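Quick heads-up: structures coming right below.
Next come two complexes built around chain A: one with chain B, the other with chain C.
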Partner chain A sequence: MSGVPGEVLLRVEGLRVGFGGRGARRGPAVVDGVSFTLEAGRALAIVGESGSGKSVTARSLVGLAGAGAWTSATALKVGGASVLGAVGADGIARGLSGAAWRRLRGREVGLVVQDALVSLDPLRPIGREIGDALRLHTRLSAAERRARVLSLLESVGMPDPASRVHQRSGELSGGLRQRALIASALAASPRLVIADEPTTALDSTVQAQILALLEGVRDAGTGLLFISHDLAVVSRIADDVLVMRAGRVVESGPAAQVLGDPQHEYTKALLRAVPTGVPRGVALSAAAASPARPVPAAASTAARPVPPVSAAPVLEISGVSKRFGDRLAVDDVTLTLPAGTTLGLVGESGSGKTTLARIALGLADPDAGTVRLDGLPWAPGPERDRRSRRPLVGAVYQDALSSFDPRMTVRQILADALRGASAARPVDELLAELLDNVGLSPSLAGARPLELSGGQRQRVSIARALAPSPRVIVLDEPVSALDVSIQAQILDLLDRLQREHGVAYLFISHDLGVVQHMSDTLAVMKDGRVLEQGRASAVFDSPAHPYTQALLAAAPRIRLG
Partner chain B sequence: MRGGALRGGALRGGALRVGALRVAAALGGAVFVLWAAATLTFFGLRLIPGDPAQAVLGGPGSQASAEALAAVRTEYGFDQPIWVQYLRYLGRLVSGDLGSSYSQRQSVASIIGSQIGGTLLLAVLALTVAWLLALGLAVWSTRGGRVAAAVGSGLEIVAAAVPHFWLATVLVLVFSTTLRWFPAVSTDAPAGLVLPVLTLALPLAGFLGQVMRESVLDALEAPFVLSARARGEGEAGVRWRHVLRHGALPGIALSGWAFGWLISGAVVVETIFARPGLGRTLLNAVQLRDVPLVIGVVLVVAVGYVAMTLLTDVVSRIADPRLAGVRA
Partner chain C sequence: MSLPPVSTVAAVAPADRRGRRMIGPAQWVAVAVLALLVVAAVAPAVLAPGDPFAIAPVDAFLSPRWGHPLGTDESGRDIYTRIVHGAGTSLVIGVAATAIGIVLALVLGLAAALGGRFVDFGVNRLLEVLFAFPGLLLALLVITVYGPGIVTSTIAVGLATAPGYARIIRAQARSVATSPYVEAAVVLGRSRGRILVRHILPNAVLPVFVLVTLGVGQAIVWAAALSYLGLGASPPAAEWGAMLYAGKNYLATAWWMTFFPGLAIVLAAAATTVLGRALQTRGAR
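Let's look at the complex of A and B:
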């Protein structure tokens, strides 16, 4: 039931959406004057950072912008019919009636909502969730619905649909949940599918599979509205691109034009922020030099000198294994981290990266093998042997917020980390230097973690790791929860700190692009084993293991044409 | 999922082992609870001043002769040291003998047997009514309006805070004395059950409603509800198919506790509505220092409480498969 090629499925003109208030006192617009059209068989991507208004734009097309939302537009046509409803004297559209919206949702427009991991009811089998759209929009009998659900699951590439159909989302991996969610959006054969960040939080190989699936949907003649913050992902699937910032469209046009020859500074910055293929040491963010601390131009643009991977090892992991129940999480891993360099550890979720990180940090004892720090035994062993050398090892985690005591201020968090550091200088002086180091304004010292943005939080957690002047910092997915542009700033910051302080990084990520940009040496992990390791440039130029090759092929990068 | 068939098999074997251990632990816990209930009651009743022999001979205030008292003491073993009495009593309990009542001169088992039905009927009806009221209120008061939310949470707090004896008095005054809709003395006839059931159910509905409304609100905010709406599900469908079940989960967990709470409420309600049952039997037995009867009732209630807790565990697992633990 896909649309006729060339048929306009979406016509949006001057869309404004805001929240709260009534009449003259209504809240400010978070989507301000957005216009675009989408034809059957084409994919339009809306790109922007969190808070740019892209999700609100998408949801207002089906009347689900949220409680207290107001909408106004010159034209808002979905599937050829206006969804504005009666328009008041103040220009605010009443929208369709509840019943009319419900006829549209699912049947005319399939919406794959953000956050696939929690977007299916955890108490209901996925077959029921998918079948709901059929129950609501078709006259199929229960048996026919069951058959259709199975064929839908088959068509979205769900392995073994007959048994998966009875499972609940908690029993499925992230990639399979996303497939089920897409199947539920496709169930009633809508002519238009809106996918809101459908690849975020997925491993890159799974990401590539989901993109291929959506590509197939588009090629079958469905109109695809694709929402993402990730330009690399967008470049693979979009025919047209719309770049949004703070509720406004800053640039739009065919994908090849917008991504190949960006006109707006913001688009350029977003493109620059994609780390894949950017050589080590080259700044990703436009503002590599934070206002508080200008970096010499030479240092920020020139590639850094050949990394001294021949330096003495600061962390030596040899023959380490760790077992949980009957699962071998880490299987005979041997890695060496030379001082002042970065060892990238890449692998998908469940590959044992985090367990290895905990062993390196001395938080979990290995079942076999040893870890040496600066040439001395580190693990296994009793904690009291490690305690005096704890300051030598720092850690930064993905979820910075939950790694802080929410009641402590930034000042308290850092002062806590500075305890035991050199008593020669007053804490306040060290603290100011730390904040300056990570590019945070001194005025934030009194703020609590909840009051900070994601990027600021990660800066604080880097400052905390840096406080006791460590030799090694273990970074476990430090940028995975951040927007691409913030990610770029944090990566630039880490790079600069390494140059200035000579600290070594064990850099763990599922994102090959990020690891490639950051690493001197590289190890690829799968099912607890290191499949391949060596100089990063060598591994990337000629990957030996098929798995590494597959990872490389799936790494997000800008592709045009 | 990455484990494959082989590991899946090993996991299921492990799950069975874990399951058997869990059942054993639950049974062990239940036995401990029963022993503790019997022991605490046994020694607790000794702390009440008075002579147990007096209780046998017609209770406090009876004019029994010293010879009669001495005979009773020998017959019932009151002249033995207390730990001997305790062990003897425990021995009889283990063999299934609850003993015979001092005051009613018949076996504790037969007294409980004749009284338990009315109390169970009361408790089950009250629990059902409380559930319906709480769910209805939780779902209605989260329809979005601020007024509905305020009214809902206000009603819940007031209901939860009201003591049984006061509520019973008010209900009798309004519906029995003034309106003459229902009798003030309870029988097992439907009309006679209304007021006692409401007395027990309203405060419980308040408690249940508070926890259910919280999780109904959480579920309404959850992405899977947005997902359901995006599929074209209407307001009623969202509530019936998704939210209701999430809302009910904490209520199920609370129902084990609620059962014990209802039995203690039954003591008050059965007394006020002059209704035969375990609660009233317990009250009378305590007043008469009828040790075997008190312990018997306490044990039966403890058994019911333990059984109800195990049952809510099982129901919780069925309603929320995520609790089932290891699943391949």
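Let's look at the complex of A and C:
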């Protein structure tokens, strides 16, 4: 994987990509006039939110933009050779032939995508998957290929490669799968690697490892085109940054310049939306932000008074355990949530935080221990006993869409949640107030959740949780599926609602930055156990447990220089 | 600032809308065929004014010609008239058999999905036994016990189709019962009964009705098959399967006696199937 330093691996000028139609009637461009160059040994990051066209841009470089895509460009050179193919009279490139693309893919360009589980054949051992690239692009003998596969796996940090070679993708954890996928992309020593959201599906500690691996690849002289929505990740690895929005480049330049001194409003808004290090109570989204906060890391003034952590507990979890088969999902957890405050529960996948949320919601009975709500027993016990006090607890889920009955409109969902909330006022009036509370236009009441954007769905979900005027809302990864600017709006909304309604949050997330921004108190979970808990500020300033320290070190934050 | 336009404007998913236009030429033909069938079933005299049982020995075994567009049978009865008048029987058998199957399946499937572990176990073993027999064989078993005839053959076909539907309904109801939106209803403090009526039943059962349209075609074919075997409607009746049965002895000399009733069965079954598929694709969003 060597390239001459300074050699231009990728030259893109005036790239336009669109879908559907032909000739004059072709579909609108989703990538419109994108230009950049990438040199060997450097990393260029394309940053943008969903729908910005960043993935389409990357994929059009290897001819994988998708079915029915059309491409045009002034220049589109990969490794010095144009991949535009013959250009028709309409200015639309016909693209390379299938065979020409196949020669390019793998050998010149390696592609790493987000979800390794679906990108690796589940029925074939990873050794064979990686060996494929060698078989297609090199003249190595079978024995040489085996040796090379082993050395590749070793170079991507796969533990015990000799036995992993025979495992299938389903037998590997997310991090190991991603390593295998990177190994297969690197197999034929391409000079250029395109990584499309390669760390998005991973836990933050694993994410840090994969980023270090990709950094090593870049330092070895490979050109790296890195696609991500996550500015913190990008700031770690990119030499140059290209910010895209709605198919256009809004800002580009060296990473330190774009992220350190952004010129475009959109870049500024994106940066402001990163919650890591932003004190509690300070707005993240553009609409509510104070102009005095250009870079989040620099902000230090807490706009919120010290939270009343001494308030009476509204939710008390004591000595709770839950076992699934022979796995202890939750192991003797004791937590207290004072009224009107936020308890952040942070942990990686499989740490038991969602099981704990279900126990707190009274959806699963604990095997041992008790949960008390507002001073009275809540769980374990029959659902019948809980039902009359259900209005005290609300829930917001990561996947809002699946938490709505698909046949119902927003109005029906909220009217259903308002049943029995207050007989004194007409439902329509309460409904309008609820929509207004979460910042949704009344005109959306007739829509079905399927027709709403991700942020709007989460707002409906929050409105539903808020409808019965609860004392506690359990939020399980409420912003994990959202773009960073939408995430900022939702976090701001949650913060405002807490201040206005005095509701307490059990806020569950894998994202330390989000938890830090939202929490008064914090609990760190791993393998079902709470390793550390206390005042959020105290835990973040001086983490006692090594795991917390590792989590903190891996937390996404903007790093410059 | 410049964020709101992208983030807060309602996206009324245009991609979904495009996927809903599933009516192509094949679907239009299917609609036309079904419309004809319904007219033939409700008012056969409109399409074929003659008497389907009128015997005219002089006209026996006439090949298709002017006056007898589809020919005549061994007793000189007009095949076209008989096919038109047989549409009602075939359609009623198809719909009734499917209805019997689906009602039975609803009871079994919902009981298995929501009735607890023991009910689920019992229903599943019962379904496995029923599945062990090919559907038609099961229908034959019922007829052997209760004797041939249109009513028994309809019930038999209904019984034979029930296990398949029951499995689908069970799976559907289970997935809905454990879905996040049912959980969300629990969190809102809704009672089991209310959740069942408001969320589980509609979401579990409505998708199955798309399958029903597919099932009607199959039921028509099966009912005709039973009649052909002499176990459903018997020969003088103007029923398509029975007409096939009557015509099979003259296959070498009077092909039209079997060909046209067979064509009617194929068309009816194909039309309902094509429409069922279109509904299915549409429902799949």
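Keep in mind that, in the parts below, the second predicted complex is superposed on the first by the 544 of 561 C-alpha atoms of A that agree within 3 Å, B and C clash if a C-alpha of one lies under 4 Å from a C-alpha of the other, contacts with A are read in each partner's own complex, and residues count from 1 in each chain.
Keep this in mind: a residue touches a chain if its C-beta (ideal position, glycine included) is under 8 Å from a C-beta of that chain, and two chains touch if they have at least 3 such contacts.
Being a predicted model, the structure only gives us computed values, none of them experimental.
Of the two partner chains, neither chain B nor chain C is touched by A:F507. In the superposed model, A:S119 makes contact with chain B only, not with chain C. Using the contact criterion defined above for the overlaid structures, shared-chain residue A:R327 touches chain B, although it does not reach chain C. Residue contacts after overlaying the shared chain place A:W378 against neither chain B nor chain C.
Once the two complexes are overlaid on the shared chain, A:L64 sits against chain B while remaining clear of chain C. When the two complexes are overlaid on their common chain A, residue A:Y547 makes contact with neither chain B nor chain C.
Residue overlap on chain A between the chain B contacts of one complex and the chain C contacts of the other is empty. By the touch criterion given at the top, residues 1-4, 6-13, 16, 179-181, 183-189, 191, 198-199, 202-203, 206, 285 of chain C touch chain A in their complex. Those residues of chain A that touch chain B in the complex are listed here as 62, 64, 67, 98-99, 102-107, 110-111, 113-115, 118-124, 129, 132-133, 136-137, 168, 170-173, 176, 181, 184-185, 187-188, 325-327, 350, 527. Of all the residues in chain B, the ones that touch chain A in their complex are 1-3, 7, 10-11, 14, 144, 222-224, 226-235, 237, 241-242, 245-246, 319-322, 327. Those residues of chain A that touch chain C in the shared complex are 49, 51, 245-246, 265-266, 269, 285-287, 361-363, 383, 386-391, 393-395, 397, 399, 402-407, 416-417, 439, 441, 443-444, 447, 450-453, 455-456, 464, 468, 483, 485-486, 489.
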